[in-house]
Each structure stands twice: as C-alpha cells, then as structure tokens.
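Below is one structure, written out as structure tokens, with a few remarks after it.
Labels for the chains are A, B and C, by order of writing; each one numbers its residues from 1.
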Amino acid sequence: MSERPKAAPYLLAGPTALVFLGLVLIPLAMTVLLSFYDWGQYKGIVPEWTLKNWREMVADDYFASVFLRTFRIAILVTLACVAIGVPEAYILNRLSPGWRSVSLLAILGPLLVSVVARTLGWALLFGSTGVVNQGLMKLGLIAAPLPFMFTETGVIVTLTHVLAPFMVLAVWAALQRLDPQVENAAGSLGASAFTTWRRVILPQIVPGVLSGSVIVFALAASAFASPAIIGGRRLKVAATLAYDEFLNTLNWPLGAAVATLLLVALVAIIVGSNRLIERRYAQVFE
Amino acid sequence: MSRNGSLATAFHLLFVTFMLAPLAIVCAVAFTPEGYLSLPTNGFSLRWFRQILAYPEFLRAFWASLWLAALSSTIAIALSVPAALAIARYRFPGREALTALFLSPLMVPHVVLGIAFLRFFTQVGLAGTFTGLVLSHVIVVIPFALRLVLAASYGIDARIEHAAVSLGASPMTVFRRVTIPLILPGVVSGWMLAFINSFDEVTMTVFVASPATVTLPVRMFLYIQDNIDPLIASVSACLIALTAVMLLVLDRIFGLDRLFVGAGKG
Amino acid sequence: MPYIALERLTKRYGDHLAVDALDLAVEKGEFISLLGPSGCGKTTTLQMIAGFVEPTGGRVMLDGVDLGAMKPNRRGLGIVFQSYALFPHMTAAENVAFGLEMRDVPRAEREKRVAETLALVGLSGFADRYPKRMSGGQQQRVALARALVIKPAILLLDEPLSNLDAKLREEMQIELRSIQRISGATTILVTHDQAEAMALSDRIVLMNKGRVEQIARPDEAYARPASAFVANFLGKTNLLNGAIESTPQGPVLVVGGLRLPAPAGAGSGPQSVAVRPERIAFASGTAGVSGRVTMRVFQGLHWLLQVDSEAGPLTLVRPNDGSPVPAEGETVALTFSTQDFALLPAGDAP
C-alpha cells in the first residue's frame, strides 16, 4: 500500500458513494416507508402510518401461497442446477482446451442473450402450439398438448436453463483452483476414479457448489420475466405479484410491502448462508 | 485430448443441447413462411424479418436500448475506475462497507430496485424520463464494471507506478501514462459487460420505462404477454445474432472464461 | 561533507520498529550494500530514501539538501526494483525514454541517450521488444538502463538480481559492477545475498532487526565481524569457547590447548572466539585445540571436515593440495593464528 494523503481513497470513491446513497439507499428506504402507507381505490396513496399492508399479507393466505411457491421454485431450480451444473463443470474442466473454449461459448453465451428471448424459446418449444407438442400430436403419440405453459414445471425448466451457467461458472472456478496433481496422487494411493471424485475432488469444490447455489437461489427467487411469460397471469411468484400490485392494481403500498418482504427474506438467506459457508470452510480455504 | 469417458461426453452433449435448443428454435421459427407458429417445413422465408420494419416501435426501442446501454455503461465505468482504484490501493475505514454497497445491486432483486426507482423518480419528478432510465441502469451495471476494473487494479504491481514516479512523473502523468494503460483491458471488458447487461435488463426497466422511453427487451416482454407469433421470434433471432457477434468479439479479445470468472454474479 | 547522509533515520509501524535510528554517510561514487535477512529494515530504508515511505523520525540528506520535503518524483533517483517493474505496455526503448520524457529532453537527444544506455547494458538490438518477450536477464538490463539514463543522483537497487538463476546472477554481478564504475553513479544496493554484497560493494551495511550491526569494507567485515550475527551472516564461521588470561607478557587467549597472544585491551574472562573454517589448520605437535573428526566430505576444490573439539564443535576447510587429510574418527590438534580470530562479547551466541 502506498502512503499518500488519507483523504485520497475518499476523494476517489466519494462520487460513487454519493450516487449510491442517492440512488440506492434512499429509494430503498422510501420503498420500505411506502409499505407502511395507507392506500384506497379512490383516495390513492395516503401518507399515514399503518400496518394495514403487512397485516393483509399475514392474514391473506394468497400471499403465503405465492411466497411459498416462489421459494419452492427457487429450491427446485437450485437442486436442478446442482444436479446438471456440477458434473458439467467437471466434464468441462477435463475437455481439451480447444473443445473447452467452444463449449464455453455454447454454455456461457446464452447468459448474454436477453432472458426474454431465452424464455420465448421455451414457450416455442413446449407451448400448446409449440413445436414439440405439435410434432408429438402429429405423430399421434399424445392426444392433448403436454402441460408446460402456466405450470410450475415449465417455470422450473426455464429458470434452470437461464441460471445453470452460473452454477457451471462457480464450480468451474473452484475446480481451477484445484491442484491437478491431487487426482493423480489419489490414484497412486490406490483410489478408484469414483472414490477419488467423492473423497478428493468433491470436498474441495463444495464451497464452489454452495456459492453457486446461493447465486442461483437468489436469482431464481427474484426472477421476473420467465415466470411472467411461462407462468402467465395465474401462476404468480413474488416478483410478478409485486409487479401486478404496482402496475395493474396500482396499490403501491401493498406492492412495496411485497417487495420489502422479498428483499428482507433474500438478504437474510444470502447473508446467512454466506456466513455458514465461510465459517465451515474458512480453515481449509485460506 | 479429452479425458472424459463416453458417458461423460454424452452428458456434455445433452447439456450443450439443453443450453442451445431454445435459442435454436427461436431462430428456426423466425424463418417460417407460415402465418402461424411452425417450423419452416415448406422452405425458408424472410417475411417475418421484413415484417419487423412494419412495426417501428421495435426499431425505436432498439435504438433507445442502444443509447441507454452506451450511456449508462460509460457513466458506470467513469464511476467505477476511481472507486476501484480506491478499493484496490488503500486500506481505509469503511472500505469493506463501500465495496459491499457498490456490489449490492447484484444482491437486491431487480424487481425491488424497479419499485424503489419508480417510487423515487415519481417523488423527484424523473418518472418516465430518459434521465431516470439512465440513472437506474448506471446503478444496475456498476457491479459488473466495478468487478472487472477492480480485478485489473488488484493486478497492478504498485512498483511499476513507483518506477514512473522515481523517473519524475507527476501523479497525473502516472495515471495517464501508466495506470490507465495497465487497467485498460479491465476497463474495456467491464464496459462491454456493463453494456450487455444494460441492453438486456428487463425486470427493473419494466417499472422505470415509459411508453416514450421503452427499451427493446421491455417492448418484447410486453408483446409476448399479449401474443406469441413468428414476428417476435424474428425480433429475438436478430437479437441472438447480434449477441453472438459480440460474444465472438469478446471471446477473441479477452477470453470468455476470464470475462465471466471475474464477473459472475454473487 | 558526505554526499548522502542518513541521520537517525527511523520508521515505526505501530509497535514495530522497522528501522531504528539509522546513521549512514555515503561518499560520491561509492557502492554501498544494505545487507541483512528479510525483515531487517533494509527495504524500508531504501523506500524512505526513494520517498515511497515517510520516515517516522530522522532525515535523508543529499548533497546537503534535506530530501524530506521533496516529492518522490522530484528526487531524481534511479531505482531498479526486484520485480523490475517495467512498463509492460511500452517497448524497451520506450521504457528507457520515459524518464527523459518527464524531463522534457528534446527528441533527438532522447533517442541518442536511450541508444547509448541500451548499448551500455548490452541490449542494442532489443530496443523495440516488449518486456514480455524478453528473458529475465534482459528485463533486468532494461530496468537498469531505465534507471541510469536519467543520470540519477543515487542509483537504488532493490534485490535486482534475486529473480535470476545462479549462473546468470554471477555474470550480472560482474557486469553491474563494471556498469556502475563506468557511469560513476553513487549506488545503494539492498540484498539478502552476502556473496552479492561482498562481490559488488565498496562498503557493506549489515542490518538486523532494524539496527546497524556493522558498517565496513567487505573483507574487513568478513575478517573482523563486530558481532556473532555478522560473523554468521557473512559466510560460515566457528564460534569457539575461549578465555583471556592476563600474564606479565600481556593478555593471552586460551582456546583448549592453544595459547595465542591477544590484542591489548581485550578484557579478561570467558570469550566467544570467531574463526573462519578456512583459517583453521592442523597443528604439527599436540599444542592446539584437540578434537575428533566426526565427518569428512570431499568437495573437489577442498575437503570439509567436522570436528568435535574441546572448545566446541567446529567446521574446517582444507584445500585439496595433496597433503594428507585425517579420516573420520581420528584425533587431531588444530591451530590458527593471532590475525585470524575475532573476539565477540561473551555470550553473544547467535
């Protein structure tokens, strides 16, 4: 570290800090406050303190069911991403450099494509008028279209596709920190390929799997466009519910309460699991 | 030489198919000559691409997105470079807190950010303006820009700058002639990642954009909500083609793995 | 008046004294080494001279001017960093030209001086190469040229050869010495390599835990170490148990069965006696330090023997000149002469 005036870092980071204060902290605080405001169909937003919105969320089972569905979807998406992302990362790491870079393009490239276009692809594949269903029906294999649109399964498959690259990345990063010789070392000591994987490789990439899971879970629980398109108007998740309250019902305070709850729940889960991961693995990894 | 067995190779092929199939189907459907959703079985047709021109709102939204992404990623880089240098170079009270704050938009659900911006902009009179849209996008893409610039800044050997100083360079000259060239790869890739993320952002933008400032992903999202037809497939196909070109350029310049491993969310 | 003077130069990090009231005077054109183990404060001292670290106390004087108020970029010092710290985005010539650009030297003269300096370090054909495409030794030369081209008031070398392999390091030592002689630059070298310090410098400053142990010519410090630390850090040495006896003829050093006249004023009582392995010989009679050979190793140019003696275990080196060498287990008598030992304060064992 160089020794220059103590003010330098504050002068450098100051403008950005001010921007974040004005454009992140204040708006978020205003949203939390908004959730305690009153609202009426005809009177609009009334700046009077009330717990009405929060009480409504607790009292009405509808909200509980939406949040439950949101987290159920997020957990299943996370499990699916672990199931396919971890082996894929391992396979990727063992490919020859040429094949690896081509495969990386194919796996990571979709991350840069708008999530709307990717979700459209699934709708085109599995929609009731979609290619797969049309084809299967033409072949006489099924009588009615497979249910995909407006189902939780559809949302889970789409989100797994959208988020799996993050899992591959996280695990792959962990694999790259591995000493390539440890595998040979385990082999030389008489371990089979499977034992090597389970006893030597897996324990070392668990932190990568866990941090990838946190990322996938957080993004799945706050996903908006895919559940909105595949889930439609009936199958609501927290994000689409907040959207409806804001832009359709125009009940901003209730929408703000939904958003606040989603934010608090997610931050608690992310911070909590990061703590857990750090405490558990701090000794082994730096 | 691959060290994978045949089972692993099969899994790999399935995974890649899984990743690419939805994009492939979008592109295939876009070429259908029919008036409804189907694969082009009776020959390819460009009619749905020509049809885009009949919908000027898609073109308008495309230009709006382009401008928005260019502006917000440039502002985000301008804010990220000094912030990254402060974080990478100095140990100061509040350093960890500031870093967490600057990366926080990755952790806050975009739907929450959208609601917060809508509320805030309504209060300060920026609702529905392009300015508001740019400001909100700057916040959302700063983490991407910051992470890459930060990685580049950590990589600089402070002694290279000391060498320049010892040779008589003033702080400004050191910054211009040594520091900036050294972090340039991080700055450029950070800008590009910020650009792409701004261009693709839909969840937050749905709240902040007005009919006058609507972006391409939002326009597509609203369209799909009403109607899924070959037209939207052809618009998406154009977007996929554009992204593929950028992807190849990025991969050629930086290597995709470096770009993402330094920038993955979380 | 000395050219460079460090006066009670001190650096404190919290409770840790990195450099403790260092005094040093350097003459113009001199080659000085700051030598010591890592953490001894030598690099901190260099950085205080360069201005990258601010002293907690004391000052650095250059030609009678206090450098304290002067920013690092105004001090006009040439520095060669351990990592070379070359500008990776500039060619060798651009690297060397940088300091001249900062001094607004006109282009024509700049080009001439860059070419001259690259020739001086033997890199004439490499002007347009980027550092990444050069070997470690070549990069090292570019770094040296970049520091020399500005005709620095002081040339500061921070472990400049430590990243080179052993053979190249020896070649570069010789070259560095001759380049320094040609350019006449007053040079301060920081190193932990005692062989490098001895080969290159006019004087060595031996540092340990932030303090100066000894400032002396290399041969002087080697022959007469001022402390056990110096004796051990500069090459190998034996520390034997001895004692000074006063006799009517003057003080006498007694080590086992060996009696030698001791320098006047050498106190009395038990002493630590430092003797270099190559200065110990076999005594012809039995009047010497008696001991038993525990190990004998052939090293080509010489024999290395370990002896368990009555004055403590010791190592000695005998040239491979054809004379008989005792075998392992043999009893021997050892001797050395008055000018070959140094007395260290008793109990000053490393």
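To be clear about the criterion, a contact is a pair of C-beta atoms (placed from the backbone, for glycine too) under 8 Å apart; a residue touches a chain by one contact, two chains touch by 3 or more.
Chains and their UniProt names: A, B = ABC transporter permease; C = ABC transporter ATP-binding protein.
The structure displayed is predicted, hence computed values, not measured ones.
Visitor: If I rank B-C and A-B by number of C-beta contact pairs, which comes first?
Guide: Between the two chain pairs, A-B has more contacting C-beta pairs.
Visitor: Nearest chain to the global Cα centroid?
Guide: Looking at where each chain's C-alpha mean falls, the closest to the middle is B.
Visitor: Would you kindly tell me how far, in whole Å, the mean C-alpha position of subunit C lies from that of subunit A (ABC transporter permease)?
Guide: The separation of the two C-alpha centroids amounts to 60 Å.
Visitor: Between subunit B (ABC transporter permease) and subunit C, tell me the centre distance in angstrom, where each centre is the average of that chain's C-alpha atoms.
Guide: Centre separation, subunit B (ABC transporter permease) to subunit C: 56 Å.
Visitor: Per the centroid of Cα atoms for each chain, what is the distance between subunit A (ABC transporter permease) and subunit B (ABC transporter permease), given in Å?
Guide: Whole-Å distance between the two chain centres: 17.
Visitor: So which stretches of subunit A (ABC transporter permease) touch two or more other chains?
Guide: Touching at least two other chains: 2.
Visitor: What residues in subunit C touch two or more of the other chains?
Guide: Residues 52.
Visitor: I need the residues of subunit B (ABC transporter permease) touching at least two other chains; which ones are they?
Guide: 162
Visitor: Which of the residues in subunit C come into contact with subunit B (ABC transporter permease) in the complex?
Guide: Contacts found on subunit C: 50, 52, 72-79, 81-83, 85-89, 98-99, 102-103, 143, 146-147, 150.
Visitor: What does subunit A (ABC transporter permease) use to touch subunit B (ABC transporter permease) in their complex?
Guide: Residues of subunit A (ABC transporter permease) touching subunit B (ABC transporter permease): 1-2, 6, 8-10, 12-13, 15-17, 19-20, 23-28, 30-31, 34, 84, 87-88, 91-92, 94-96, 99, 101, 103-125, 127, 129-131, 134, 161, 164-166, 169-170, 172-173, 176, 211-212, 214-215, 218-219, 221-222, 224-225, 228-229, 238-239, 242-243, 246-247, 252, 255-256, 259-260, 262-263, 266-267, 270.
Visitor: Report the residues of subunit B (ABC transporter permease) in contact with subunit A (ABC transporter permease) in the complex, numbered from low to high.
Guide: 1-4, 8-9, 11-12, 15-16, 18-26, 29, 36-39, 79-80, 82-83, 85-87, 89-92, 95, 98, 101-102, 104-105, 107-113, 115-120, 123, 135-136, 138-139, 142, 158, 161-162, 196, 199-200, 202-203, 206-207, 216-217, 220-221, 224-225, 228, 232-233, 236, 239-240, 243-244, 246-248, 251, 255-257, 260-261, 264-266
Visitor: Provide the residue numbers of subunit B (ABC transporter permease) that touch subunit C in the complex, in ascending order.
Guide: These residues of subunit B (ABC transporter permease) touch subunit C: 157, 159-160, 162-171, 173, 177-178, 181-182.
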